[in-house]
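Read through the structure below, which is laid out as structure tokens, and then see the notes.
Should a chain be cited, it is by its letter among A, B, C and D, assigned in written order, with residues numbered from 1 in that chain.
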Amino acid sequence: MTRDNWGRWGPDDQRGALNHVTPETTAAAARLVRDGVVVSLAQPLSPKTPIPAHRAGIQHFLGRDGGDYAAGARRPGGFQFAEDTVVMPLHIGTHVDALCHAWYDDQLYNGFPGSGTRSTSGAAHCGIDRMGPIATRGVLLDIAALRGGPLSGGASIGRTELERAARAAGVEPRPGDVVLIRTGWFESVGHARGVSFNEEPGIDAEAGLWLAERGVSVVGADNFAIEAIPFPAGTVFPVHQRLIRDYGIPLLEGLVLKPLADTGRHEFLFAASPLPVVGGTGSPISPMAIL
Amino acid sequence: MTRDNWGRWGPDDQRGALNHVTPETTAAAARLVRDGVVVSLAQPLSPKTPIPAHRAGIQHFLGRDGGDYAAGARRPGGFQFAEDTVVMPLHIGTHVDALCHAWYDDQLYNGFPGSGTRSTSGAAHCGIDRMGPIATRGVLLDIAALRGGPLSGGASIGRTELERAARAAGVEPRPGDVVLIRTGWFESVGHARGVSFNEEPGIDAEAGLWLAERGVSVVGADNFAIEAIPFPAGTVFPVHQRLIRDYGIPLLEGLVLKPLADTGRHEFLFAASPLPVVGGTGSPISPMAIL
Amino acid sequence: MTRDNWGRWGPDDQRGALNHVTPETTAAAARLVRDGVVVSLAQPLSPKTPIPAHRAGIQHFLGRDGGDYAAGARRPGGFQFAEDTVVMPLHIGTHVDALCHAWYDDQLYNGFPGSGTRSTSGAAHCGIDRMGPIATRGVLLDIAALRGGPLSGGASIGRTELERAARAAGVEPRPGDVVLIRTGWFESVGHARGVSFNEEPGIDAEAGLWLAERGVSVVGADNFAIEAIPFPAGTVFPVHQRLIRDYGIPLLEGLVLKPLADTGRHEFLFAASPLPVVGGTGSPISPMAIL
Amino acid sequence: MTRDNWGRWGPDDQRGALNHVTPETTAAAARLVRDGVVVSLAQPLSPKTPIPAHRAGIQHFLGRDGGDYAAGARRPGGFQFAEDTVVMPLHIGTHVDALCHAWYDDQLYNGFPGSGTRSTSGAAHCGIDRMGPIATRGVLLDIAALRGGPLSGGASIGRTELERAARAAGVEPRPGDVVLIRTGWFESVGHARGVSFNEEPGIDAEAGLWLAERGVSVVGADNFAIEAIPFPAGTVFPVHQRLIRDYGIPLLEGLVLKPLADTGRHEFLFAASPLPVVGGTGSPISPMAIL
């Protein structure tokens, strides 16, 4: 396995490491379902959802609601209904990064030009609409449990610690897996207003490459950017650069992992599907673990 | 079984017929997975997504994109990224109605007051954030196949036709099912711009009640409102009124069912999860069938 | 003059004290123009514009921009253009309150029902689209100059202080005037990010009534809510309640008055016009003083 | 006078032909006020405001309204208020184009780079926030009156016709003027839903240059793009290209001119001020004529 997935699934490929998910891995993952309990891994979405300062939060507007009827509105047939609109950044709360979200040297995953992502049309290549639904084995690597509690901001998780967590879980990351890393960030500080987005615990680049070389399809975590922040000196989002752009691995951020961890299960059927916004750079998503 | 689910799961219940989905039904549904093929049931989302005239379509804005770098923007560490924001009605494309979406006589499902849904705060009761992830048996009732082609606008599907489709499929709707009804509307006319939202083929109220009495948890279709439009004289959205408000059954609208129908499978593991917008009246959703 | 303008201009009136502006007052105000210098009284509008925590700030999206052309976009005839969209609360920066913005006892100015302002349709009565352009005498009452510097948060300006400022200015508020009150708030703290909206210097209710009884058409200030905050014990927005709802006087908030004060002029031709958003409760506005 | 204003007001100038407006022209314009009647030249703004198909219309959301109180909401002190948010393209209804709105050969007015207008920051140069308030002589050239009725789509107005209209009006366009051209488009077809934006009556490039060479500061019309559409073969928005980019003349589109024409006045004090959206490419505006 090379350190680079460009060309691996052909010059036109826009799905990257999700190609490791095959009907066989999906069918095998479905056989992991034992008691049928379903656990949500998603944050609630509201104007209170924390978000970095350079993005605006969600706005939720009711265009028609119960207040209208209380104020005297009447519809034919006695029908009453409410409907609403959101103004929503696509990278908010629990969300997945499309392969067009991050790059360097003007080239996206698989060599597509960064300049193909424009104001007028969104991403011409590797948009979130290329991702499709994901149903495969999910693996929980619980670093917070390993360390005896939530990691603090800036704490870096290396390759050996991931290996230790995998051994503790009795699982081995393999092609097609969605690997979920619990740092304890969301449950300890990440759900509050005013939380700092200047630091978080997360994996380092070596840990990311170890996962990439195992062939995992998606890397997720219960923090906001997967990787340790502050970055190592002289680097900026090194895990994003290597995993998204070089390996075609989508990152799944802002997960809620404590309820899953509390079940004691470390492998399960993982199912999630982004909103297929044409040319979108990511999507809020509501993943589930089926135990 | 009464014609009404109010109080059935207690006075505080806000999940309605989804209570029919139990770990047992989920585990049984997972055992339906055979070859592991995953089929998306979702429309792409873009400014071209058709929408009724009283709603505005989606707007998609890139707040940072490849054009910025082409124009000379530089970031530390050579990092390049793109991100975006949508203005999006929650009832667009493939979406699910929350139990607070439709009601009559000023009361929502389970007797909650309609006046609890307000501009300032969204729905106090039965919001889409109460729904949670859904993983259960999906059943396809293919009326378009039964009739030999897509139904035309206004065509009404009754109870006996649903029964016939169930027999043809070799399945019997039962508690906890997500029942998907293929009319052929989306694939024939519903994907084009300028499509009329004044008429569609769909089920009638008796057909809806037959499903409700079987204990199905969700009713979905490949049209925009589940039910036949124009409505029978003197009624307005009778299926919405009975299923959502009286039975607590969410409606799943705007599905893409042709690719699923083409597989020949009529029962499968269905998995989908709405965006948990706090107090939202619905959510775009990307359901999958795992075969 | 009564303390209440309801019915004064007929039962259908929705313009309130702006009826005091007549062609005669406008023509007289135009004759105040001497040297023709035009001074803007408006804040710049950007995501950095300060706003109270219960409102979201402005978002500004370029739907087409120079980055597109740098990235390779080409249009017929070599034409290049950029365009943009804002998500904007109507009460932001320098803005004017419509007469439907604030009320009590379920009745707006002139007795219109508060319940006529709804999610589906905006304000049925007294919307910002009823206001029309304003060209009349502007009068600057410079309390900051009178006190020798910006007032601090919570500082209350009473009737006698307004009278003193009027004498210092050599002007007498009269029917049809737009009275602008300089507290020094915007220039000292109100232009910064993170400014507190829990307190501000401003007028008290007696001062407001003194202006109302003089027949002034609009009351403006360089703070965010005209009146002193915190409010006197047991009251909430007393100036809004009395001036907007009882007298039909629009409030003009968030003004930039230092450059005007620096000219030494205290009466001038004031010209401003809100965006006529149908059923809107206010509008950002860019007033000018013509000296 | 050359055909090109680049450099005319220095290399840093971003206000173009508005530099022709001086305190003297403003003071002289104020002296045109006779009877003090104020006429609005702005369209109402609502979801029904017509807009070209490539743009989305305005959306107006009440975040708090009378329905909330009817539904039972209560605020301290009995205070009741309503507020709202718009999603609004800046080029809608009656609006003014900033000098960064249109260009060619990658250069804006005065040689600024087109690539300075980006998704991340809006226009670095010639944004609408550079324009400031406008108070100067307005001149109405009434082509519809000259031709005996509204011009039809595609009808082109040349230089000689402008000269004829000026003679009929008894005015001569001169430096600092805002020239308003009435075609009859808005009042005849432009206010309806479903109006075509593929054609309109308007001026040709020669007519535009004649105005530019007279030193006028702004050119406005009661159509959506000032110039005749369809364009002459081989050209695309030639008036935009020449006036905005070469001469630094803002265009003022979507005016309502019939009520002004009905007064019989052809020169007046014109006052208008755009919203100072930082880096914006235009702004809705509500101009007034003070007679």
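List of remarks:
Throughout what follows, contacts are C-beta pairs under 8 Å (C-beta built on N, C-alpha and C of every residue); 3 or more make two chains touch, one makes a residue touch a chain.
Because the structure is predicted, anything quoted here is derived from the model rather than measured.
If you lay the C-alpha trace of chain B over that of chain C, the rotation comes to 180 degrees, to the nearest 5. Note: centroid distance chain B to chain D, computed from Cα atoms, is 45 Å. In terms of their C-alpha centroids, the spacing between chain C and chain D amounts to 24 Å. In chain C, 56, 59, 61-63, 65-68, 70-72, 85, 87, 115-116, 118-119 are the positions where the chain touches two or more neighbouring chains simultaneously.
If you draw each protein chain as a dot and join the dots that touch, every dot ends up joined to every other dot.
Looking at the complex, you find that chain C touches chain D at residues 22-31, 33-38, 40, 42-46, 48, 55-56, 58, 60-63, 65-67, 69-70, 75-91, 100-106, 113-119, 122-123, 129, 132-135, 231, 234-238, 240-241, 269, 271-282, 284, 286-288, 290. Per the touch definition, chain C reaches chain B in the complex via residues 59, 61-63, 65-68, 70-72, 85, 87, 119.
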